[in-house]
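The structures considered in this document are given below.
The two complexes that follow have chain A in common; it is paired with chain B in the first and with chain C in the second.
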Partner chain A sequence: MSSNRWFATGNYFTSYKEEQRIFFTSLDRSAMVLLILALFLWPLFIQVDNKYMLVIDNILVAVVAVMGLNLVTGFAGLISIGHAAFVGIGAYTIACFGRVLGENHMLLTHAWPLMIVFAGCIGAVFGGIVGLPALRLRHLYLAIATLSFQMIFQWTINFMDFFNQGQTISVTRVAWVTGTVSRSEHYTFWYYAILVAIVLVGFAVRNLLRTRYGRCLVAVRDNDRAADAMGMHPGFTKVYAFALAGFFAGVAGALHAYLYRGVGIESFTLSHSISFLAMAIVGGLGTLHGAFWGPLAIKILDLQVEQLSEWVGNHLTFATNLATALKPLSFGLVIVLFLMFEPRGIANWWRIVRSYVKLWPFRY
Partner chain B sequence: MSYFFQLVVSGIVVGSIYALSALGFVLIYKSSRVLNIAHGQIIAAGAFITYALTVMVGIPIYFSFFISMVITFFLAMSVERIFLRRLIGEPIISVIMVTIGLMSIIDGLIYLTPFGTENFSFPSFLPTTPISVGGVSISWTQMVGVLVTFAMIGGFTWFFKKSTIGISMRAVSDDQLAAMSIGISVPRVFGLAWAMAGLSAAAAGGILGNITGINFDTLHSFGIVVFPVVILGGLDSILGAVVAGIIMGLIQQFASGYLDGNWGLSGTGEIMPYVILLVILLFKPHGLFGIHEIERV
Partner chain C sequence: MNMNNKIKWMFLVVAVFMVTLPVHTFAAGKVYKLGLSLAITGPTSDAGNPYAKGVEDYFNFVNDTKMLGEDKIDCTIRDDQYNNDITKRNFEDFMSQGIVFYLNYSTGSTLALKKDFEEEKIAVIPASFHAGNLIDSNYIFLPIASYSAQAIGLAEYIVNNHKGGTPKVALFIHPSAFGRGPVEDVQKAVSAGLKMEIIEVVEHGKDLDNTAMLQRLLSKGVQYVISQTVQSPVATMLKDAAGLGLAAKTFGEAGKLTFLGCHYTGGNDLVALAGPAADNFYWTTSYIITNEPSAGATAQLDLAKKYNRDEKAANSHNYANGMMVAQVATEVIKRAKAKGKEINKANLYEEMLAMNGDKAFSPGTTVGPVTYSKTDHAGVDSLQLYVVKDGAFKSAGTPFIPVYTGKIK
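After this line comes the complex of A and B, so read on.
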């Protein structure tokens, strides 16, 4: 292979094996290692207020969830309007254990990594069940199936005493080798925990997309009849895409539950599903690094909108519920504008910059 | 027994409004294969416009009902023109996601107005004593609502069977290429389908607002129940929308009438449509009257 793919003008792969590598050059690999190292080490040098650490943690949790949504919507081409419900399934799995076994049970405090994986599995089971109509139907109907799952989930939580009728169910602090994680360390601790999860999940997705199962998803998205003729089972592939998305969402939900030390229905409503969808679209559907850009952009937008509505609310006394108005408005506008003018999302800007640098000083 | 008939009556009342709302949804799907997720928001907007015209401007309710229908007609048409026209030819998935975005935008716009959070109710313009036959009572508002709904549905049926525009719309839904070749402007039909959907949504919203009062949360959840209705009826069947609307109304009323309060259940009427939706999707995915596309991919 030519020396550096970044400066090469085309695709010079001569074998499938070359094309399927995770890192194409050693430069890629060392850049990735450096990036991950930087992400792990910066809290040692820069002191961040707990408030901002929570925002960062929040973005990272959303990254895990959006990776799942990206799999099902971006790679498999199925719309899911119920992703927040799957995230909620993960969070409520943790809450259920707390309610049944007692809040400070060993499983929840000491075996929390196991619990997070378990929450993911429960999410996968529900994802598979909701995806079942895919065996017989095309994607239009599936969007409605996910929507109805979202409604059923909200109703179940809101009307059942076991789930405290949607009120917050508290989740315990976890233990680490140094003892119980204290209040001041909580957000930094979970920053590391979520980061580890993201690294694992990110590599899992990257690897999945190299295997036949991942390529199956893309094939079914692009043309399901052709995929069928090639010997894949489109319906099964879709069900399993939903199950995978459910797994990621479940993990994200469990992380969310531990991070906020509580689970309440208000974090898993339909509007959250839409904001997850907005994140996936803004980041770039069907790209791996889009799952990082999207949550970053949307969460920052969210904060800005909150500040703006606070500022406007101070000046205009009649605008009392400006925040409730501006949030859906901005999400909707972002979704629509991106779909109309940049359907490939922020990830595409990165591609544009890269090709500009690659070709410089020529235009094309 | 009279309890049963009472439930039947209120089920038909609710169901006929479902039918009217589902009609608009089916119109859009039939002509352009777009699932309009924002349909519930258009219904809510119709209700709010009717209320604003009646109470805040002071137009008699009969006129404001029609004016709101006209306004929503053009509103929906311009939504199609601005957002969806340029997406013709894009993958259908991105068009559906645009309607999800639209849903969010309209939500936001409604929250900007007082209608987003406060409750209103229409001034009563009909006799307030309900009609009562053999222990089953129905209020005048509900009665008139049902009559208007059926008149509207009849009008739409006539429109599609007999009028030139209606026939051209059916032609487009049948085969776009063939329709184009005989000189039907497909984009215009799309626009018209949205406009008609807006019109029927405004009518549904106006009637619903009169019966249940104006509350954005109620209207919002009402809008989402349209999905189970259209799935039950079959996405591309107008007859299916009407029949399924009434069935869904009956199911809802029976669920909340007989299940609530027993076995510690409450609010079953809200959730039953979605449970039915999931079951239908698994066992009879094309609904009662939908065209059975023979492709299992």
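After this line comes the complex of A and C, so read on.
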């Protein structure tokens, strides 16, 4: 490692331990601390309408979900197109508690952080079960297996009375040290709650990738037979990759349930699964910060296209069908363009910018 | 012009602007903000699009004709693409803008936002007539009779006009809260004494062919099919029935199927989709139709003409639907103003609850008056039965109120 840990222009590792640092330079660490501080402090200084706070919260929930998907698809190389169902499992865990114990039960109102973790655990259990076919299936066949889970999930929720046949099951407001979180505080409160969750799971993923279990994921993705020969257990690795993805998705689902104060099947359909996959691809598969870029890019694109569709729908009556198609069209186009021209996603742009800044004023 | 003159002119313009500004502000009156979130694009936009136009045109008409004096209604219309999460975002946006009355659209989003409406204490009229919207809710007002009342009304018509023994009926429904809503209530009506037999409840998918289903229903002795869904699946079913020669030529023809449907199954769009197969389809709604002359139909067509709407939108029952909710919202504002009340959420809610008895409102676009009270949140209680004859809907009988709706309460 460079002797000056503030202005290192390259990575000069002298030991494996150095290579496993969370932050390579002091500048990296300081920048991260400042970023996290800024993310926690800005709502105190800037007033944002509920609409935009909801958009921001929604992006953050998607970040948690995409982090999970990135683990299974990006790091472990196992394609999953049923991720929204895992998110739904987390959300419906909260809803089930509400239906069985009563909406205002203390567990839901006061022990909500525990409930969120518990929802993650249920997601992990389902993830592990759905991951079992990964022991035998790969590529397209595994994709179909995860797709079937998505279908089973939707069918079950849609037709079971217990789940209100997919209609919204309401979720109550939670309590905090200052009392019940009111409507005016709701979105800001959940901004902080989700942010804490992101910081925790973000560092958890970063740490996981430093451990042998994290390296196993990458090894199994690159060549599972070679990984097996090296003494790793590809089967176990694949199942725990799915379980971990299920955990993250479950947490995201619980956060979604509390944020929207209700759980309905419409938020966990196949199109949402594809949307999560698109976020992971656009952000950059197999990178931690890709999980941040993807949701941000796709949600903002969604917002812009929504406005364009609305304008077209309002002003060009003859083009209403076109307006209806704009969202899926732009969405599909973005995925195709990224796959063709930037398969490493926005994370690669970030890497280029970083290396440019790091080497500035020298270039090569 | 030299520099001095330029400066003088600039000062003069600024001075005139400053003097006239307050005058304009006072003369402009107040602006009442309303919001509407609905599917202009995406699923069900075929209904949402004319609905939005009806709302927009009527509020423009209110402002252009100074119906509220110098005061104006500013109704922001947002597309939610039939997505609950977007509807929630739109609603939050409207609340930040300070709306005093809210117009919603889908069943799913109305149910999902019910608690928000309660907390915000804002009167809401959705385009969904799902009876479940009113459970545990004080602020949601259905514009017309619920889907349950419509389905029960159709069931009563079958029972009253069927010749022979107990009529055998199938329900053909949308696989969602919107479609399933009336099933339980129709079953309750049967339990309460409505003499008919429900043979099967069919939740349709995205089937492009209903042959097997129609043959199955017929083999079970079904004679009537009540639909609670949107137009396209009904059109597919009608075309298949016509192709197979299973559609009844007259009401209740033995050995054939007579098709009936609730509000969103019918209208001109169904005729356009099903063509001649739509003949003899029975449809109920509380709205008037433009095929038949009436003051309401003239008002609807004139409004559409004034704002350059095409024939399709002008004659749509969903245009009338949108127009009617805008009429109700305008009426409560007018009434609150007449009483010298401030136009806010609480006072408009109060006016909604007072809309009954001699204060019932007749918008002209419906077959009966709009009445609301603390215990009655369904606007127009009367329904009209229409039937397709020679490619156009025609009235069948006079407006009626289903009897069993009251009996199962």
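Just a few scattered comments:
We adopt the following convention: the second predicted complex is superposed on the first by the 338 of 364 C-alpha atoms of A that agree within 3 Å, B and C clash if a C-alpha of one lies under 4 Å from a C-alpha of the other, contacts with A are read in each partner's own complex, and residues count from 1 in each chain.
In this text, contacts are C-beta pairs under 8 Å (C-beta built on N, C-alpha and C of every residue); 3 or more make two chains touch, one makes a residue touch a chain.
Keep in mind that what you see is a predicted model, and the values were worked out from it rather than measured.
Touch criterion met: A:I281 reaches chain B, while chain C stays clear of it.
In the superposition on chain A, A:L137 makes contact with chain B only, not with chain C.
With both structures placed on the common chain, the touch criterion links A:K327 to chain B and to chain C. Of the two partner chains placed around the shared chain by superposition, chain B is the only one that A:I152 touches, whereas chain C remains out of contact.
Shared-chain residue A:E18: touches no atom of chain B or chain C.
Put simply, more of the residues of chain A are touched by B, taking chain B and chain C as the two choices.
When the two structures are aligned on the shared chain, A:D222 is found in touch with neither chain B nor chain C. Common to the chain B-facing and chain C-facing surfaces of chain A are residues 158, 324, 326-327. Those residues of chain A lying in contact with chain C across their complex are 49-51, 54-55, 58, 158, 165-168, 170, 183, 187, 260-262, 264, 266-267, 306, 309-310, 312-314, 317, 320, 323-324, 326-327.
Interface of chain C with chain A (complex): residues 40-42, 45, 49, 52, 77-79, 81, 83-86, 88-90, 92-93, 95-96, 108, 111-112, 114-116, 119-120, 132, 175-177, 180, 310, 313. The residues of chain A lying in touch with chain B in their complex are 73, 77, 79, 81, 130, 132-133, 136-141, 143-145, 147-149, 151-152, 155-156, 158-159, 161, 224-225, 228, 234-235, 271, 274, 277-278, 281, 321-322, 324-336, 339-340, 343. Residues 33, 35, 37, 83, 86-87, 90-94, 96-98, 100-109, 111-112, 116-117, 224, 227-228, 231, 235, 264-267, 270-271, 273-275, 277-278, 281-282, 285, 295-297 of chain B touch chain A in their complex.
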